[in-house]
Amino acid sequence: MSGFNLMEDKLSNAQIAWRAAQDLEDGSYVNLGIGFPEMIAKFQPEGRNVTYHTENGVLGFGRAPAEGEEDWDLINAGKKAITLNPGASFFHHADSFAMVRGGHLDLAVLGAYQVAQNGDLANWRVGSKGVPAVGGAMDLVHGARRVAVVTDHVTKDGGPKLVEECTFPLTGVGCVTRVYTSLAVIDIAEGRFVLRDKLPAISLEELQAVTGARLHIEGEVGAIVVPEGI
Amino acid sequence: MSGFNLMEDKLSNAQIAWRAAQDLEDGSYVNLGIGFPEMIAKFQPEGRNVTYHTENGVLGFGRAPAEGEEDWDLINAGKKAITLNPGASFFHHADSFAMVRGGHLDLAVLGAYQVAQNGDLANWRVGSKGVPAVGGAMDLVHGARRVAVVTDHVTKDGGPKLVEECTFPLTGVGCVTRVYTSLAVIDIAEGRFVLRDKLPAISLEELQAVTGARLHIEGEVGAIVVPEGI
Amino acid sequence: MTKVSPSVADAIADIPDGAQIMIGGFGGSGAPIELIHALIDRFRATGSPSNLTLINNNAGNGSIGIAAMIKAGMVGKMICSFPRSSNAEAFNEKYLAGEIALELVPQGTLAERIRAAGAGIPAFYTPTSFGTELAEGKPSEEFDGKMYVRERWLKADFALVKGHDGDEAGNLTYRLAGRNFNPLMAMAADRTIAQVSNLGAPGSIAPEAVITPGIFVDVVVEVSEPQQEEMLVRTGVIY
Amino acid sequence: MTKVSPSVADAIADIPDGAQIMIGGFGGSGAPIELIHALIDRFRATGSPSNLTLINNNAGNGSIGIAAMIKAGMVGKMICSFPRSSNAEAFNEKYLAGEIALELVPQGTLAERIRAAGAGIPAFYTPTSFGTELAEGKPSEEFDGKMYVRERWLKADFALVKGHDGDEAGNLTYRLAGRNFNPLMAMAADRTIAQVSNLGAPGSIAPEAVITPGIFVDVVVEVSEPQQEEMLVRTGVIY
């Protein structure tokens, strides 16, 4: 119960991405947000066919091209060069967001500043200073069958990111269905955080202590065991 | 002033179509309604480039194919076989009606049961009996820069089709901008019928007598002179 | 996991009684005749699916396709813009006898309502039908000095569409004006079933040439020499 | 009557001060750099067009394209979804100094508002931004148990788009993901000006391959070896 070092024993971003990738469903259509969520594709399990969507109008893109091989008309929403898998397609922005809002994606994964226990998400700005930029985040949180978040469990100074109510400006209301953190996998159901998996090394009490709202337990809590080398 | 025989001296449908065709503008995009309005394309003046739109998703179609040469995947809104001109394109129904409603057509021409002096059009059903069918008429009356009607000036029993107020169910409100009849060309401006052209053989009084609302005159009234053989 | 179905009968096997079904095509252009006839075969063999609501621009023609479904007694309601046609006796007789319901929708509004369903837009404003009896009971509002009617999205349980080239990822192209309602309906149904004239491996359609991306298609079945409704009607075929 | 313009300078010659201009592209993909630079040339030579409102997903990058327009002082307002980027100093500096206005629109809402303008739909409901500060002041309403925000169409006086193949009838195709906002903007402006990499006679593009039908395009100009924004930024080009 003691001995868990929050900063040293937590999962790295790559390990969180690996854990999220284990839930990718065969035959699914998935949008991975810019940055950290994009890493999930690298850990896609063998034997599962996943088609990736990017907001700027590509379905079925693959890995980044080798340096020097980029075609800058072929990029993703993060403006990184991509390649195409067989069966890819191009479409304009209105059709792309029809896929997003229209319920056609199986999964969207985003980063977060805060997630509230009712599924509210804050991930686009932390205050009123600087240049605001929203991109496709407010669209992506609507329509996908599952909206997941990948995030460190706590802020850099140890404060909770999973909270009773968001204090940062909202991206969407009641939209997140699952959170993959550096310590746990938590579902959002009926306005509550429900703990699904956690790191074996952290106790329930320690996990609750760094979570800003009550963690509910329904059935057995699974163990997150990340393979060596990730 | 006397001597005009309304049934014998009026223009035929082909002659009305010829007159309407004289106003086709070079470089314009035009939708011709099913039936009588379609005839206008046959009289398109030499040297004018007109691109025809049909609701079912074709821009730039040409004449009917020879019998036996039809491809029944290539039809117009009247379900007649068509051919393509160079520069034609296909698109789906939502894009097709985006062209219609979005103000992209220069001209739409429809038939009419009644046209009111404020531009109201009734052309889709005459009563509550039978099977109602509306098609694209209610869309076509919105968005085109000019909405013209081709029609006999009077009903089969001699009653007026140009009226103060429509008594048949409306297709659209205040939408018609010009009417080509078997006797005259009449603009609709500020809620009034304004006479532009008439057959030379009919007097103003005779024309007014078969029109159900006041004909206004602004400037000179032109003469409709149809070439021999049409 | 594959989207490819071995036969039209398999492709439509799970459509239940009472389903709301979009059927692509405009008249016979782009109409998925083989999928429709497979539904009729199933109804004749099993009595199901019955009491269907069909969404199509028209209401069938002659004695094949949608008209044959109506004659067979499988259809409870049509949502369409133009049920009248030169050979529309199947619908006309049932309608005038009060045996089939009709929701009449202007053609452009029908297309936009279907597209809105596919795009997650629950309602929109259109100038179409303002001031007419088809706008009765609908909210209306002025924008920039012009009056508009508010229309709702139109969804379906199933869409039956006809593509030309298809691939195993569900990507589709369409032949000539056979495109019409097909790409919109593919977006708007919970489950979209496509018959295609040529079925290839993923990559067999150039990414720029795809009209319906595979994300909108659940089932693909190859019908390599599809029948053309207009030819069937002209030759007097009765299904 | 021809839609073909002999040069990019001619193509953009009649854009006045104060115009609202949509500019296609997503970052550098599909961005009409040569049309933008022609506008900058004209502004440097004549002081016009100035005080422009630009509509684009982003707000420029590096010291070329839209960023160069902003640096030149031609832009009074940006309507975009993502002004932040790795090389967005041009916008950032003016914005933080209060010298340029910003209307921030979620990316999907931006696309749908532009499409709505092109399709004659003055307003529509979207779930996007409900409950957020970007929905403040906008009507909201519940449909089928979910809350939606009402958004208005977004029109422009001009659209500058980049096609790949074009023909003299104004038909366009796009290269790879360069499609993005270009087809939507072409529909939504009073006057659409397209630069294309290959210009051919009508019929040179297969009717099934046309992405933007010519009805949406007013002016076509060939720029046979267009520059790529990303390469210009990476090589430090300052326009």
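A, B, C and D are the chain letters, set down in written order, and residue numbers restart from 1 in every chain.
Heads up, the rule we're going with is that a contact is a pair of C-beta atoms (placed from the backbone, for glycine too) under 8 Å apart; a residue touches a chain by one contact, two chains touch by 3 or more.
By chain, with names taken from UniProt: A, B = 3-oxoacid CoA-transferase; C, D = 3-oxoadipate CoA-transferase.
Source: prediction; values computed, not measured.
Taken together, subunit A and subunit B share the touching chains C, D.
Compared on C-beta pairs in contact, A-C and A-D come out with A-D as the pair having more. In terms of the distance between Cα centroids, subunit B is separated most widely from A.
Mean C-alpha position of subunit B lies 37 Å from that of subunit D. For this pair, subunit A with subunit D, the centres built from the Cα atoms lie 30 Å apart. Shown for subunit C are the residues that touch two or more other chains, namely 112, 115, 119-121, 126-127, 174, 176, 207-208. Subunit B has residues 58, 90-91, 94, 97, 100-101, 142-143 in contact with two or more other chains.
Chain pairs that touch one another, listed by label: A-C, A-D, B-C, B-D, C-D. Of all the residues in subunit C, the ones that touch subunit A in their complex are 1, 115, 117-121, 167-169, 171, 187, 201-203, 205, 207-208, 210, 213-216. Every residue of subunit C that touches subunit B in the complex is listed here, in rising order: 26-30, 57, 81-85, 88, 91-92, 95-96, 102, 104-112, 114-115, 126-134, 147, 174-184, 211, 228-231. Per the touch definition, subunit A reaches subunit D in the complex via residues 55-58, 71-75, 77, 79, 90-94, 96-97, 100-101, 120, 130-139, 142-143, 169-173.
For subunit D in complex with subunit C, the touching residues are 112, 116, 119-127, 141, 143-144, 146, 148, 152, 173-174, 176, 207-209. Taken in their complex, subunit A has these residues touching subunit C: 26-27, 29, 49, 51, 53, 59-60, 84-91, 94-95, 97-105, 142-143.
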